[in-house]
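I'd like to ask you about the structure that follows.
Chain IDs A, B, C, D and E follow the sequence of writing; residue 1 opens each chain.
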Amino acid sequence: MNVSDVISITRPTPATIDSDVDMSDDESTQVKLSIVTPGEMVTDDPVWMKGHGTYFLEDKTYSSVAGNISRVNRLLSVIPLKGRYQPETGDHIIGRITEVGNKRWKVDIGCKQDAILMLGSVNLPGGVLRRKSESDELQMRNFLKEGDLLNAEVQTIFNNGIASLHTRSLKYGKLRNGIFLRVPSNLIVKSKNHSYDLPGNVSVILGINGYIWLSKTTNSSHNKNMTVNSNANKINASGDPSYVPGAGSVAITRLEEESSWEIYSDKNDPNITNSVRSNITRYNNVIKALAYGDLGITEQRIIMGYEASMAFSNVGSMIDKDAMESICQDVINNEKMRG
Amino acid sequence: MVQGPMEPSLRSQANTTEATIEVNVNVANFSTFERKKRTRTEKRIVELKATLEKTFEQSVMCNLYPRTVIQVDIHVLAQDGGLLAGMTNAMTLALIDAGIAMYDYVSSVSAGLHDQTPLLDLNSLEENDMSAITIGVVGKSEKLALLMLEDKMPLDQLESVLAIAIAGSHRIQDLMDTELRRQGNIRASKMTQS
Amino acid sequence: MISANERLFLIESLKNGIRQDSRKLDQLRETHIYISPEEYGYVEVSWGHTKVSVRVSAAIDKPFEDRPFEGIFSINCDISSMASQKFDNYKVGNDEVLIGRIIEKAIRRSNAVDLENLCIVAGSKVWKIQVDANFLNYDGGLIDVGSFAVMLALQHFKKPDISIEDDVVIVHDVDQRQPVPLSILHVPVCLTYSFFTPYTREQILKGDTEEIWAMDATMKEEEVRDGMLVITMNKNRELIQLSKNGGVPIDASLLVELGMKGMQEVDRLTDMMRDVLKKDEKERYERGNLKLLEVGAAR
Amino acid sequence: MSQRIIIPGDSLSIETEGIKTSIGPGIYKNPKSQKVIPSSAGILNVKVNKKNTNQVVYTDSNSKRYIPQANDFVIGIVVGVIGEQYKIQLQEYSTNVLLSMMAFPNATKKNRPNLKNGQAVYARVSQAIPEIDIEIECIDPVTGKDGGFGLLDESGYIFDVNLNFARELLFNPSNIFLETLASRCQFEIAIGINGKIWIKCGDGLKIDKDETKDEKEDDDEDTPRKVDTSNSYLKDLKATLAAARFLTRCQFIRPEELDNELTEAFRAN
Amino acid sequence: MSHQVETGVLSRSDGSAQLTIGSTKVITSVNGPTEPKARQELPNLASLEIVIRPAQGLPTTREKLLEDKLRSLLQTIIIRYKYPRQLIQIVVQFLSSEGKSNVFTNNELSAAINCAFYALIDANIALNYSFAAVSVSLNEGKYLKDPAWKQLSESDSHHVICFSIQDGKAEKLLLLESQGDFSEEEVFDTIAKSVAECEKVHQDQRKFIGEKIDRDFIWKA
């Protein structure tokens, strides 16, 4: 969003006593006006329609959050600077199952209420056209259980504000072979595509809700031998780079009879090399650094950050504040150079 | 003084029409000069908690968040007077920072009366010595959302103390506002640099 | 839960200055006082349907280590489900804590009772005054009635006289020696104002609305109110406590106005306590005389 | 029929052999001993039919807590929704009863009633088995029409009375209270046997109809109701409250004091 | 010593009674049948919540013991099968009691029982039968009803006796609490004497209930 895009509408100067002294910061007045705070009158012109982040009395519209004014046609709304993720239809998000319920899963997607994933909105083993039977209802936990991570798309928003998800596409589904982290959702910039293959044999999915999944880039063929990890080490949201799941444990190979069961498997690929693991954690810390510096997270920036992070041979040292700042600085400088 | 609450987290469940505001007050043992064990169930703390919950129920637009809980954790790390005022201001800022819709700021300040002179924002020595009133003002109005006076004060002096306290609250609000804008601008500028 | 019908009616009529029980907005309910004729410090007070019984008792105890010259004074006001099923017997609710705290702040914190006067032997023996307030029936205004009853009982209470002989404290029976009243430094009176508003919050905060207020709300009024303010004052025009825990914001000028208005009620209630106590004193005296006469006649 | 007061522990001293006996409130049949005993203190009523083949035994007594019985007419307050049913409160702290959204005239899956929390309904207890949830309905099961049941709108006031008084008002068509009240003002009344009475004098509390409609569209509960503030409105409001006050007082006075009480109740405003 | 009773004293309770016997003054409220908390709910009968609160200070083990005694008595008297999945809440609040120590609870127990009876009747809770209790002390074989604290402390033994009442006659012994130094003979003798006392109490009850019902139906011409 560009500063100049943000219009400032007739905003009477608040009847303050002596606040002007504090207002004399080094930043320009124009930027200052772009931000409104709760209770501030946005406009007293009745032509505006009142959108999110505002409330009104008679003709006057007030802001209810601290954020930027946005104007779309006649709709006036205030977009909060920070806040919980607000789901919108079509958003590509990452979520975690919190509850298995009657024909539905509840999924934590970081918004104010848990989203719902209906049994009918997932691809089940046995092909797309398969009918859902009662036995499917009974074995819902075999597909997805509490704590499982998945990526999905927001299908609709119910009128009570609860989001409904679906995973009826090959790119959606359960997540494996990687590591989860979350950043504030406002740092993720919406774009057409949210999953990228990064250098170093690592893929990333940037959920619009601020949940991010980093994993080993997989081959497109799914007909690989599946393995059972006897320790059944599940990767969780640990951001600790020293935590490398399942390393060196004994693996028993077993052929999965039905290939599509694979998409609900809990087992990690045993062939994740140590270098890939280290790359994943490096990306993890790069993204954390970007989030620390309040930088919007894009593919480009991640790659730039990755390159910048090569200065730190030890991945673990990147969690230092100084290191994070220097990575951010590098990214910003790099961007400036490119213009 | 008061360390801002940990980020308020919204959780599903609870009231069907409005959000429930849940405040947890945690007063650190080392927050005062003498180290004293304080429990969450202490009457004074329960009172503060209830006061904050009821105050903010009015100024947060709870109807926008049905079936949710807004949980606010307040950790008091050090106290030197104006405990309630500090908690109120910190909570206002934290709620705004979390992007929760509010009608207006709630700004709060304590004021006391020394002899005939009204004083603003007392420290704990002053608080022990004279009667203090804590008020919470909504926005830039003269409307009091919160009011707490625990010691004697001549009725006829009330008006003058209130006047200075309200002015003080407005000033606090300006400070909060300025800081919010500063933070917001920094963030906005970073976001737009791409 | 109160029905929408009642809510609407109550607010509408309050807006027009009408109350369910045909009181005025600034009128308290009728007060009934029962003072135990035999004991000292037992009273039952009811305002309308709200009823409270208070008992004051005294015992000799060791003082707190950090306050060797002060007696111990505590107020116990748990609310059982007898008052209303709203109150849980086993769990202390938020309302209950608030009521207890406000009464305690009004009376204990404001030093209504002279604690130094309760000292017998510094550091080892002091009077421990215990106040038990039992809320019997709830119809609003527990704070007002509770604090009124506690103050009445404290003023009525007399502790047995004592004398000290060779470091031994002798407690004289009430029949042997005239018991001594507590030293009451001032008489705080709590007044609760309830606020009602038919307006939306937008109007309250940004518009130019006026709050509807009423004194001594009944249970139903308490249920539909949008905020309350407790003002504690004494006859000396001293504010002792102001407590407004959130709720609908009120104008500062209204607060000052209510404080000034409240003084009349404070005066009236303080005088009422004084009159009732005087009457009781007189009756006791006459009864005592009668007894003496009877004893004399028997001889 | 003599006025006989009976208390628990007394024998009923009625013949139960060879006569079909129905037991009413206050009488209990011990399942173990098959003995019929009085379980509450009250006035004993024994009514025998002409042929001496049937008798009804019950005690008349006063109480405040309502225990639902099938076919009772009650006033309840909506306190919540579970699935397709409303949770209805008949009395404070009592177990809530259920009102199916289908138990309204012309209700279908698509066309459901839209009741909000706090609104009051007049309904009939359709099922009252204490072990399971009690159900009420807003439909006359014979005709399928509303039969006077349904939403009690917000123009009327609701207040509580003792149960015996509510029964008297509802079942005794010749009771003098409503008649006395009618001599003073016009009113509409709904009496719930659970001790709740809905009453409105004149037009009660007038709510601007357009405003309420708007409100439904906006679905904004905070929209203030525009209320007609003319004189007649205030008069009706006062009359309604006075009528409620009068009926409440009626429970505690002798019939001969009625007129006095009536003037008293209406004078107060 | 006579009983002074008043029922329906509390507007917020479904049933209430205040009873004064000598220097013991007690007020009891009954609420029910109402919605129980989930953990209290019994599938086929009513659960009882009994709370006893002392005249002075906070409830102690002494009150808990009294609660227990009252519960075991009332749960056979109240027809609990009539109110499945419901809660009946009984709060007994002592307003004055003479006992200065924890030693004697006789007068309190008997007052609580008698007061509970009136409150239950006022709340119209279904009862199997009526009941009445007396507090008795024996001093050198001398039988004394409703002893004052001083007499109690001088006595050899003290007893609380509660009988069920059927058709105005004492029927079954529901509760017997005996403490002190006494012989088997004395106990039986005391029980026998108490039959008449309980019946006397019951006559008061009956008279009182009659008055109460008249009051309840005062509006009936």
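We adopt the following convention: a contact is a pair of C-beta atoms (placed from the backbone, for glycine too) under 8 Å apart; a residue touches a chain by one contact, two chains touch by 3 or more.
Just so it is clear, the structure is predicted and the values come from calculations on it, not from any experiment.
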Chain labels contacting chain C and also chain E: D
Chain at maximum distance from chain E, centres defined as averaged CA atoms: A
Centroid-based (C-alpha) most distant chain relative to chain C: A
Chain centre separation (chain A, chain C; CA means) in Å: 57
Separation of chain D from chain E, taking each centre as the mean of its C-alpha atoms, in whole Å: 33
Where chain C and chain D are represented by their mean Cα positions, the distance between them in whole Å: 38
Per-residue overlap in chain E, given as positions that touch at least 2 other chains: 31, 34
Where chain A touches two or more other chains, by residue: 39, 55, 62
For chain D, residues contacting two or more additional chains: 93, 117, 222
Residues of chain E that touch chain C when the two form their complex: 9-13, 16, 23, 27, 29, 31, 34, 49, 51, 53, 55-58, 89, 91, 93, 95-96
Footprint of chain E on chain C - complex, ascending: 36, 38-39, 42, 44, 49, 51, 53, 55, 57, 76, 78, 80-85, 89, 130, 132, 134, 136-139, 219
Chain D partner contacts - residues on chain C that touch it in the complex: 1-9, 12-13, 16, 18, 20-22, 85, 198-203
Residue numbers on chain C that touch chain A, as the complex places them: 202-203, 205-207
Parts of chain C lying in touch with chain B, wherever the complex brings them together: 94, 97-98, 100-101, 104-105, 109-110, 201-202, 204-206, 227, 229, 233, 237-253, 255-256, 259-260, 263
